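Look for chain A in each of the two complexes below; its partner is chain B in the first and chain C in the second.
Showing the complex of A and B:
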């Protein structure tokens, strides 16, 4: 067989290669949606609801229409369309479509009720101030625990509960009855927002002659957006083209199609001029999709010796105002329950999952989607169990973790962990922070110290099979195309845009590993639904390395077969004798470079005479089997009980994502997710006040962790290649965001346990860590 | 996040600036460094009809030493004072906590004083040091002492037609010791509570103490310690910390709880005083 990587030649895979895209991006030479305004475009500004819940009695646009620079002011009545509705069907999930502009009723603060189109964004905002909306205010639905007692947000619903499901293994009740100890706890993870550096943005241009729409968007899922816009506008899929250039971060927030994107497309068609909307920070913070927000009730059954016997959970998810997109209403609570056992051997599990609508911005996936909340709750519960049993938390985990001999291991929730290094990663992480020598509790300087050890499993690289193991019906496959030009330069065409993950580098390394060429000879092209092969799901779910990487391996191998045919002709060798080394095709009779082969294939009549189709294009499709990465996050914190200040003073992440394509990119993904995890544990809070109004409206009050909030993080990589995916590649983009909040929360809980303070939710706020009744701390 | 429409003027003399303020009254706002005002305008939380940019007004950028202390003109940047040092220990101790290097490069000392954010460092520094603001209007000049300056969150004793042209901060003497401590959610954030202390220690005895807190009330708050005297040891720090915790009247708000603020007052007052009362503490300028 030709084109198979051999160990010597595949040096591009696993190389710590600086990212090709970094130079342009850090020099300000990226090309974002706002950098490419369509000619003659109008700028959109939205009129947004100040109320969490109200009926819209009327919208008076007269004053706004006469404001300087205004071309049009549109309301729901002006833009009839099919509302956004969930493409994912989960049995039992009630779907409530979300309109591009609210018509009769607003359901969260920030929901758009009208749209001003003007010559500039500033003029649009001035005019938006003049739109008069008459609201009849209704009671907000704020607390998910009481949401079902309030009238449904949608009159067609019987209740605000949009999902309820239960599942249990047959031996669950018996295991609890026979247990020596049952440890219980209720934990909640706060509402977050992904806070990408670039907010959402899109432009739309309608061509009335061709009847075609061109949309440029800051999206993670161009093909998904194409389908949504075509549906909402009643257009054929082929008449909608979605373009994506650089995207300044997504983290899940830019997976779902946004109502604003639909509104922009509708407006461009209605008004006959291109429309550009560039979301500002306040819009993104208040009205953009948010994440997390779960309440998890847990019970763990243990033997007297600490062996885990059973784990039961009751998860309540706060879906926000609509159950509209990417099963967002359910995705949090449902995924939390599916990964309930995490990295542990727990023979019996049971779960109850509920999801309710509230008058808050709708929930979308956010890095570690679903898993973070369940993981954090489980790890806090295990630490609680260790304290009750008088056990070292590390040792209790070690006792119950999946061992090498257990693999492949099928969890009672139906996931089959294909491979991993669960014990090895926890030992390394604990050693890197010297956990054995961190005594929890008071230190000489009057502070309190604690260590948190958080071993994780990430259901990664979702293809359809991986999704199915999470009880999710989800088409998650990709096609790719690899082409070689006459110069020998390679182009890899994929449907998954990068939001900063470094695809231009890592995917080039994958292709180059097959051809044994310099990865710089490989250009990765993406971002145009008219030219890229279909990516059903886009860039999400830590899937690009596995799905696109696997597809590219296959396509490049097919290309290599074609190259071998040409090379065989040129070298007078049998194609079966050809191998690739250092960017050359090598036969016993000699060797020839990729550029010479490509030139010959295009221009040499003798080659074309001998070979019927010397075409250097190859495509491949890939829908990988399920695979699971693993690792461990360990942190040490220092708590000052005189102020409530928490310092993360030491940290380590030891991860195992199978075959590593580029360790530097894995490092970057890990550090970024770690920082977001510290933010989730200690700083970030998109909570709503009791009146339903969001507390955070900008970065002044939505507290992202800064560099000064973070420690130096020790990073190590172990490699357990996936036995079933192409190249042994697993995904890892979400790992540290799954496990870091739990690590930090466990460390804080351990530190303040001697003060009689318990930790039951994130973010942990300073005032919860001081005791006003205690004497002055030093 | 585009500001509402506003007029803009960039006068070159104080009289011209005062004329604009007198003419437009409360609709006008003075622009110095703009590090607080402009973000608020971008969020349309402030909608001034006229911005009077004083950055090109002659004479406002000077730094001099007078009989009363260090005098800083209205456009002197925080970063410039931090870089050169002020000779007032508490101001030097607090400035690194004000915003971030980026905001300090543009932000002015006088601007922060006039913005009157109850959690900001500099108004409380002014109170603890006993400084004053020099104010001009078409009607004449006046001096507003720190204790008289603040009327509430974002409100000062300045009339709409008045321009703060300079601040004067007393310089330390050989026996002055001072410290600033604060607690905010993240480095660079406005503190939940900030504490400034200035003491004079003479022959091992504390003969003057000033303690002021930011973020506790709607104006900078002076802890009532007048008349307290004692040996310069940590017991005095403890005593004053308890007085401060007992006498403060914080409230719950969206940033934290009243109870937390009270704990912070106790902790930070005590720690700040321990810094200056501990015999081995090196206090710049102290004998």
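Showing the complex of A and C:
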């Protein structure tokens, strides 16, 4: 481990602690949504459109209603509600409402048209087959480049283009005019799906006496879901309670409120019985929110010596059928443009961004959002520039990377990188894969090797300020509560559920670092909007460590001040003299343990008499300043020119997320995101055929990387603490998913360049890499 | 129009399946079409067996049936009549320490969300019951029968390699046959 200080006994920050949440999960005693069905619940099965685009002429539910076990069959007409609407307010964005169940028109294959409620999921699916929907098929809108030539998907729209924006620095054109070289390219990032191992799932129970709705969901954003459901159902926010326990992965797909979640809530209220929906893999693959899918045209202006002068992009995003609620049609193309310069000094930039509706599942956040596609395109272009200029790609990057002396560095797109180790991470990553000794051209076995070096910046820890630097509106409002019981046990209550990120451990380490106690004494509680402080955004955008960690530092410091008052009374010391060591309050006159302090605060009449409010609860709010993580992914690939097979044979990730709370968890996030990045580059494909029908419907055709697809990845951490966030903490959950597809694509591009093959999109398909001079395979 | 082949399936009489689960006799009342995974979850409350693809690809629902690691989504509950079934809950009782494989998974950060974990634990348990002295390539080959979306597998591979050394077990033969080279 390079650069991470040793975690000593007095500091729980930086300790490689095994996770507290693991015990129940490895014993098979987690609580996922499907594990806790409400008593007497009905099971929902959705009737979904087989057409990408059609008018719904009628729905006949009579046969389904009489099928065994069926209690109700509901259509849009049965469930009036306020539709879901994109919450993002960027000037010029057209927001399209999305109903829980499609009414007059279906806009993608898999869109729900009706809902069967039955005694079991199997019976609900039986009856769903009997619902007769009459469709009048309309032409699909498949290719985003021609989307504006087709009639709008929503008759209230003037066009399928829901956003168009342009921005440029004043010197852009002059920089291109004066450039010695201009290198251009068009690159596309294919449509992906997050594919959490647990699909979406929710249950809803309506209490007609209290007028209250309880929803249990596999969500990343319980407060957001609460707000969306309350709005859609016309209920008071306080009458909707959202519960979350274990969530089997999210990766962004579970940020938005799903139409299905709204439908389940509506149905529970309408029929007066609890309703449970557990998404199956086919539904998740076809109808769940998808990710990525953008086309990036780039032009880079360089001096003769390779210095980057200007970068221009034209990004076209495929939003799918709706500008999706809480995610937006802008989540891809617009964010890609904002991070256009990446980790490089590029004085002038310009961008044009368009986002269009198509008849595909809506685009929602997927780890790395638009940053992945923009980053991949830029890195492929830089490699192309290096080849054209006869430069070593690593050296060309080194020449143009942000240097320590440049920091803080403000990009022409308006992001201020607060700190970082851009040069150090690229040097280290290149060394770990021995990039200097990966020689171009065929190896002894006739395969081709290539190295890809992909230095990244991740806008992390999103609060209002970070979002504003991406010209994005974002309701960042996060509070936390820390309480100490009479036993000295600490409870930290937060509004951000975990989908595997290990918050129960890392956030406990944050709290324990202030109290100098054992992190095992700190229980992190989340997952109930009735009891957790507000987190409007929830768990997303690599923000929990920074935002919630920072809020917990502050709240725990406030709790420590209260403890010092009690301890001062007990020790006959001035509270200002109290410090904390090894879980004890220490004064010159002696020391007292946390449990004794807490017991005294609760039960000691003398303390009660001396301190009017011996309360051991503290809250804090935090909306952090912008901060940026950085690092570098380096990979070596081996391409078989006979079959086009690509093997990633070596890889390294060197990351810098400021203060590391738990390096084991950072490793895990990095390795997981790296694997997803390899999948995005080589295997995963949620493409649609020309008729608008999705090609992948299951794990048999949506190929996730397996253990045999991945090399052992070398990991190192450098630490450049954020100068302005509490504790110096930055976020890092998406880093390797931003940079890995670009690393793999660059490595493949380098490998096959001697064959005259260029790489312009991900996923890279094997047939594109077969040596054209070899003739047919024998 | 409704295609003719879409017929309502007749509601079948439920079937009682008697079997042994985690060493205890158990009875499940199921439809003949009910998968073993659904029956374990819904009839016996053993919700540690997770269902993630229902077509045998991902391995999340893996359990042991008569000493073989099987995908409980691909087996009908009625096929388990008289069988000895072990689920993840059977690796260690709630009041017992973790099984060495479970301990290795937590020690090596082999899980994040934990959804795929029970299936991997059962495959690892079967593998290490039958074999010892595995190398990384072999472990990766076996693990490649499972999908995990969180970890990138490195921690899982390390955990199984560690458990191979740490789990004191009687019967595993010392001279394994390497698996066939696959893609």
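Points worth noting:
Please note the rule applied: the second predicted complex is superposed on the first by the 759 of 778 C-alpha atoms of A that agree within 3 Å, B and C clash if a C-alpha of one lies under 4 Å from a C-alpha of the other, contacts with A are read in each partner's own complex, and residues count from 1 in each chain.
Simple rule for what comes next: contacts are C-beta pairs under 8 Å (C-beta built on N, C-alpha and C of every residue); 3 or more make two chains touch, one makes a residue touch a chain.
The structure displayed is predicted, hence computed values, not measured ones.
In the superposition on chain A, A:644 makes contact with chain B only, while chain C stays out of contact range. By the document's definition of touching, both partners, chain B and chain C, reach A:129. By the touch criterion defined above, A:19 lies against chain C but remains apart from chain B after alignment on the C-alpha atoms of chain A.
Contact with chain C, but none with chain B, is seen for A:27 once the two complexes are overlaid on the shared chain.
Judged by the number of chain A residues each one touches, C leads among chain B and chain C.
Residue contacts after overlaying the shared chain place A:695 against chain B, while chain C stays out of touching range. Once the two complexes are overlaid on the shared chain, A:710 sits against chain C while remaining clear of chain B. Shared-chain residue A:766: touches chain B; no touch with chain C. Shared-chain residue A:671: touches chain C; no touch with chain B. The residues of chain A shared by its contacts with chain B and with chain C are 122, 126, 129, 280-281, 698, 700, 706, 708-709.
Residues 121-122, 125-126, 129, 280-282, 642-645, 683, 689, 695, 697-698, 700-701, 703, 705-706, 708-709, 765-767, 770-772, 776-778 of chain A touch chain B in their complex.
Put simply, chain A touches chain C in their complex at residues 18-19, 21-23, 25-30, 32, 34-35, 63, 67-69, 122, 126, 129-130, 132, 194-199, 246-249, 251, 280-281, 499-502, 664-665, 667-668, 671-676, 698-700, 704, 706-710, 712-713. Interface of chain C with chain A (complex): residues 1-2, 6, 8-9, 11, 31, 33-34, 41, 46-55, 57-58, 60, 87-89, 91-92, 94, 98, 102, 105-107, 109, 111-118, 121, 136, 139-141, 143-157, 182-183.
Of all the residues in chain B, the ones that touch chain A in their complex are 1-5, 39, 43-44, 183, 185-189, 192, 238, 241-242, 245, 254, 256-257, 259-260, 262-264, 266-268, 270-271.
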